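Here it is, the structure in full.
We call the chains A, B, C and D, going by the order they appear; numbering starts again at 1 in every chain.
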Amino acid sequence: MRLKNYNDPIYGFISIPTPFIYTLIQKPVFQRLRRIQQMGLSHYVFSGATHHRFAHALGAMHLMHKALTVLEDKGIAISPEEKEAAMISILLHDIGHGPFSHALEGILIENVSHETLSLALMKALNQKHNGKLSMAIDMFTNTYKRPFFNQLISSQLDMDRLDYLKRDSFYSGVTEGNISTDRIIAMLMVHDDQLVVEEKGIYSIEKFLLARRLMYWSVYLHKTSYVAEEVLKRIILRARELLNQGTAIDASADLLYFISASHSSVNQIDMDHYTAIDDVDILSMVKAGVKHSDPVYASLCNMVLTRRLPKIKVNNEPFSSDFIEKKKNRAKTKFDISLENISYYVFDGVMKNMAYNLEQSPILLIDKKGNTKELLAGSDQSNLKMLTKAVMKYYCCYPK
Amino acid sequence: MRLKNYNDPIYGFISIPTPFIYTLIQKPVFQRLRRIQQMGLSHYVFSGATHHRFAHALGAMHLMHKALTVLEDKGIAISPEEKEAAMISILLHDIGHGPFSHALEGILIENVSHETLSLALMKALNQKHNGKLSMAIDMFTNTYKRPFFNQLISSQLDMDRLDYLKRDSFYSGVTEGNISTDRIIAMLMVHDDQLVVEEKGIYSIEKFLLARRLMYWSVYLHKTSYVAEEVLKRIILRARELLNQGTAIDASADLLYFISASHSSVNQIDMDHYTAIDDVDILSMVKAGVKHSDPVYASLCNMVLTRRLPKIKVNNEPFSSDFIEKKKNRAKTKFDISLENISYYVFDGVMKNMAYNLEQSPILLIDKKGNTKELLAGSDQSNLKMLTKAVMKYYCCYPK
Amino acid sequence: MRLKNYNDPIYGFISIPTPFIYTLIQKPVFQRLRRIQQMGLSHYVFSGATHHRFAHALGAMHLMHKALTVLEDKGIAISPEEKEAAMISILLHDIGHGPFSHALEGILIENVSHETLSLALMKALNQKHNGKLSMAIDMFTNTYKRPFFNQLISSQLDMDRLDYLKRDSFYSGVTEGNISTDRIIAMLMVHDDQLVVEEKGIYSIEKFLLARRLMYWSVYLHKTSYVAEEVLKRIILRARELLNQGTAIDASADLLYFISASHSSVNQIDMDHYTAIDDVDILSMVKAGVKHSDPVYASLCNMVLTRRLPKIKVNNEPFSSDFIEKKKNRAKTKFDISLENISYYVFDGVMKNMAYNLEQSPILLIDKKGNTKELLAGSDQSNLKMLTKAVMKYYCCYPK
Amino acid sequence: MRLKNYNDPIYGFISIPTPFIYTLIQKPVFQRLRRIQQMGLSHYVFSGATHHRFAHALGAMHLMHKALTVLEDKGIAISPEEKEAAMISILLHDIGHGPFSHALEGILIENVSHETLSLALMKALNQKHNGKLSMAIDMFTNTYKRPFFNQLISSQLDMDRLDYLKRDSFYSGVTEGNISTDRIIAMLMVHDDQLVVEEKGIYSIEKFLLARRLMYWSVYLHKTSYVAEEVLKRIILRARELLNQGTAIDASADLLYFISASHSSVNQIDMDHYTAIDDVDILSMVKAGVKHSDPVYASLCNMVLTRRLPKIKVNNEPFSSDFIEKKKNRAKTKFDISLENISYYVFDGVMKNMAYNLEQSPILLIDKKGNTKELLAGSDQSNLKMLTKAVMKYYCCYPK
């Protein structure tokens, strides 16, 4: 059999190991990921970071293939069915992402995570293909008997995180996030069907967690792209408000389905509408919006389109109500904004990040004798401990 | 003065050297380049190649800055005004690009090149800024007294080509195109106000030309993205046909301006419409198009949207009319396509590439004694000569 | 003037800005750095890390050039004389390094640092060149009136550290150490003739310090290369012991000068002998040593030559005397080592590293209003504080 | 089983797949490759190119592993024994290299290639290990029944070339030589037990051959390192002459064994002496040589040690005897060199390179129907043809 290959600037070549996986990649619902930015509006700060979910999904699958090969070389028995299922599961883990990935998650559809939507789409594919995705779905939902597959798909050390850190570092040019995926994967092991890390790999894990933390503060939570995405959210909210008041919004029918009504459960949603929308629908709406008669909506659209963003100030402590009040008053007088609309222009909130979350399933180390212990127990220094602290930053946005 | 910096995955950091240049970058007409793919639909083959014109324009400016610094270090006098003008000129050299860059050039507006449109937009900016771009425009149009500035902006060895080869190689993952821009720039010199290359740099130039040739055949003219762009063109043409027949097309007003009527001179065009359109308008039209009542238009849109592209065959000789006729007949019977529409589905043509064009201004070498000669005269071997031959390939597309 | 260029895999091209600097590079005492490994025996673990001091010295000079250009662009006046002096100073900052760099520092010559030897060699060059290096020497010794030059040469954020971190990361393949030198340098500023960092650059500094810490534990203090260098030291010490007993050692005359007698001040040393030795003299001695009649000396030489190294165990607490005694007894019985020689085979010690040392001159941040504060005062989180703690690890080596 | 891993800056991590291969790597005869420069004196021009044969051997083995995995994925049956044998064979293919690799090949031992010496060393290891290397040796000598293994080890498209091009490009900083080994390997196939390339891989092969050609002219045959190696050869020849005259040379006994007598067959050689010498012996001799009483020998040694090299001029035609005579006369009068020694200082010769040799086994393409054809037959353009021409350049060296 001739293997199908995909070009990738990070791994060189990504081979598609089975015909069925190739079939899945060809599906319109998967090709749609070519129209969803991996990093929302981060390219407003990191001009190079224009990559799509499509390449990330293939990349995560590629790392899964590497990880399974390493585990097999170490003597772990993995059947061909399990192999294909694990690769399908990671390939489709993000298929439920909507326009601009995380930026609009929870806004277009309230209280529904992209994982829930991924699962719904996997189930639909499974039905069409007579159960060929059942094992992949079990692995995704952690109901498969060998938990390490789920841990490779969705844990604090999964192939998803490994790929996105490496990929986002490559595209943003923030070289310090460039983790050694090969080295980390080489340290993986399976013990009692649980994913573990060889003890000597502790520095690799430490580097991975530090890189993750750095990427969060330098890139993912960069204040300029953060404020851009906050404005983008308010565009959706304002549009919903206007629609509810009976004012028309120029947008695709599929997108209007999500803006007009508020859905908060996956069962309420017509998935055909969902798989029809992507970044294009949002950007198209924003472009049309700059000429809208509602000055609030038009001005928000204009901010995002021309990248003339509000000022964002970041602090370690919450902003005083005095400070916010002052900014609101200034906005009212200087830009003639009415009281009821002021929250579209002056708003505050909190950013939060934790590199390693002790409340989630821990990363386990295994020593040469086969004993396992939690990562922190194995770390001899206080370095890793600081990574478990949630870092909170407070921000306030207001007109320049 | 604190310098403004832009992140770039290739050069790390790009500094903006003067406040006026920063003002230009902030303009909506320049920010619009964030919504124009550098490489059209190449990301359908090279999934990583999702970068925009915006980063390329900054990158070319960065190389211009480097080149001018090298020339100054070699004793060439360059005034601060010239420096700023050269950087503005290269920064704006591509500002006239429309949706999907080269893919739709000559289709949306007939017989008008993107350079002509860049010039028109530069002139408009010049008017708004009271002539501050005059010297930049003179350099762009090669009417400035010192020709080497124009040669750095637009020649067979300009900063535009240097940046796009390096950038497209980086994003596509085709490492062989990764030219050493630093080494090439270090070999540049000015003699009698003409751009020349130090003789010892001949291997660097050879590598650059070979890399260019390789990028053409491996990437820019890759048959799969080529056919995708050919279909994209036919979507525009079909839409125009339908509009002329009175059938409505769902697209933005600004885009319809270009599709409905056929413009073939920059003076006929309302530039406000032009600067309002970008990839979003096209993709939005394509997305809506899949449900259009015209089966031809809908099927073409569907091909591009879902990446279910026609077959493309490439030959060294033109395809026989027999071959084409056979493909047409098969298309007619198998897919029930009427004779008048067959050319939307079965078509042939020729791709052409020349790494170094002897009919354009040559690359000049200068020896230690200050004598100049044309590149080929300096090359001791036949290697470079082959790069001057136009390579032609014939293609034929038809339904799978 | 045509500039002289050096190829460099990290920066592409390094330009030599003045003829006098080129003259210095051509000196045998500088060319000698081609025969001194940058990272001692680290290539025993990181096979790619074979680079020499020569390329590092050029690289640090290159970064100095970049830093001075950035500062000038920000309006800091720097005279051409200062520029050349700063570049000479950093170029020669490591010229006093001896064989295997840090690995044998303090062993071949007791209590004399490589900086002291660098200064002595600079002074000798200054004499030969009639004081042309005087300003460079003043900068090196921090007696020049503008301290920021010395801070660029030798501080906790100097061009030396920037280059070696980036270079050692590149050659070792430990990608996480790959700092963005461009981004860090872009954040530098001068205030009251002191080197400061723009406040917004705090994350870049944090990344730099974390990368430094990671490189220490992953690479510089890797236990396998650490034990190799410990054995190398003992080869010198054993050779000195044998020579003192009247036993001959096969080594070059220049090297024997340092092994036979114990020098502990730079004034006692004939610098001609010092500049004559490099890695070749040591390796040559080790190669001859494997056939020496003294079994201790021969066995130590054999360990290094064939990379059959003792076991090294690393702990967070000091090893108990019980543990060490047990290892000694085992060595005595199993390998028939006499009591007086046991310390060549079983030995313990401590490794120490501090990413940012509060007792040295601090890194200063400057805010937009021109106020400066110490790095830690500017950091809003506990992350940087952990980098100020000295991390100590205890090791014990013994035969396998 | 826990796999043994080696760090590598190019591939990240290299896994050692079997315990026996790890045993071979641990052998002193293999560890010796850590003391042999991969690229002779190329680091005199490309300061970064300091890598050793050791890392190259591991890298070539790594690519072999990748190639065999790709072939297995395509359905080619390869037994575990064949896999290990192929990896051993490529791992040891260069074990016979002597000091400075190609630079002194044919000089230390006349008319004996490094391949012959590699084979002799493999046979010795085979004897020690009771025939465990027999299959590897058969593959190396192309007597194994399935020729594709030999073609992966030693042909115009072998894993040796793939690794050294990529590695030498990485270390020299000549980015254009950075071939996509993954892409090339993905195109490999086996047909009738012969190595073939899938037809669609023709551009990858073209890029590989062009990269090879460029590396030859830019790096491997760079005139400055070329002349350095020519002088190095003359140091050996002069030493041999002096020894034959009864003058002592300060060098290791093992090296003197090869300098004193002239060997021209592998059977005449005591291999213990051969495996005892490496770059250290040569450099040690050169260092001692600068003080030798013979002015010719001393001056040649000084040239190499201090990198004060003769002038080298390169032409497309042979130098006229007039030109050479003039240079000789000038050398005689200006530097007082006697007639009998003049050829140590003034000499000429020819450099030759062919990217693809038609007289050797060709690279075969295979189309989708399973038909094979020679590479050139498959190339539609003249591009590849030029790569089959031998390029000759004439050089002449003389004192500056």
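Following the convention adopted for this analysis, contacts are C-beta pairs under 8 Å (C-beta built on N, C-alpha and C of every residue); 3 or more make two chains touch, one makes a residue touch a chain.
Treat the numbers as computed from the prediction; the structure is a model and nothing was measured.
**Student:** Go through the assembly and pull out the chains touching subunit C as well as subunit D.
**Tutor:** A, B
**Student:** For the chain pairs A-B and A-C, which is connected through the larger number of C-beta pairs in contact?
**Tutor:** A-B
**Student:** For subunit A and subunit C, what's the span in angstrom between their mean Cα positions?
**Tutor:** Computed from C-alpha means, the inter-chain centre distance equals 42 Å.
**Student:** Let me have the rounded angstrom distance from the C-alpha centre of subunit A over to the C-alpha centre of subunit D, please.
**Tutor:** 48
**Student:** Just the number, please: Cα centre separation of subunit A and subunit B in whole Å.
**Tutor:** Averaging C-alpha atoms per chain gives centres 32 Å apart.
**Student:** Would you give the residues of subunit A that are in contact with at least 2 other chains, written as numbers and ranges?
**Tutor:** Expected reply: 12, 173-174, 180.
**Student:** What does subunit B use to touch subunit A in their complex?
**Tutor:** 6-10, 12, 26, 28, 31, 34-35, 43-52, 54-55, 58, 170-174, 252, 276, 280-281, 283-284, 287-288, 305-308
**Student:** Considering only the defined contacts, which subunit D positions touch subunit A in the complex?
**Tutor:** Touching subunit A: residues 1-3, 5, 7, 11-13, 15, 17, 70, 73-75, 180-183, 186, 198 of subunit D.
**Student:** With touch defined as at the start, can you tell me which subunit D residues reach subunit B in the complex?
**Tutor:** These residues of subunit D touch subunit B: 173-176, 178-180, 203, 206-207, 210-211, 213-214, 217-218, 316, 380-383, 386, 389, 391, 393.
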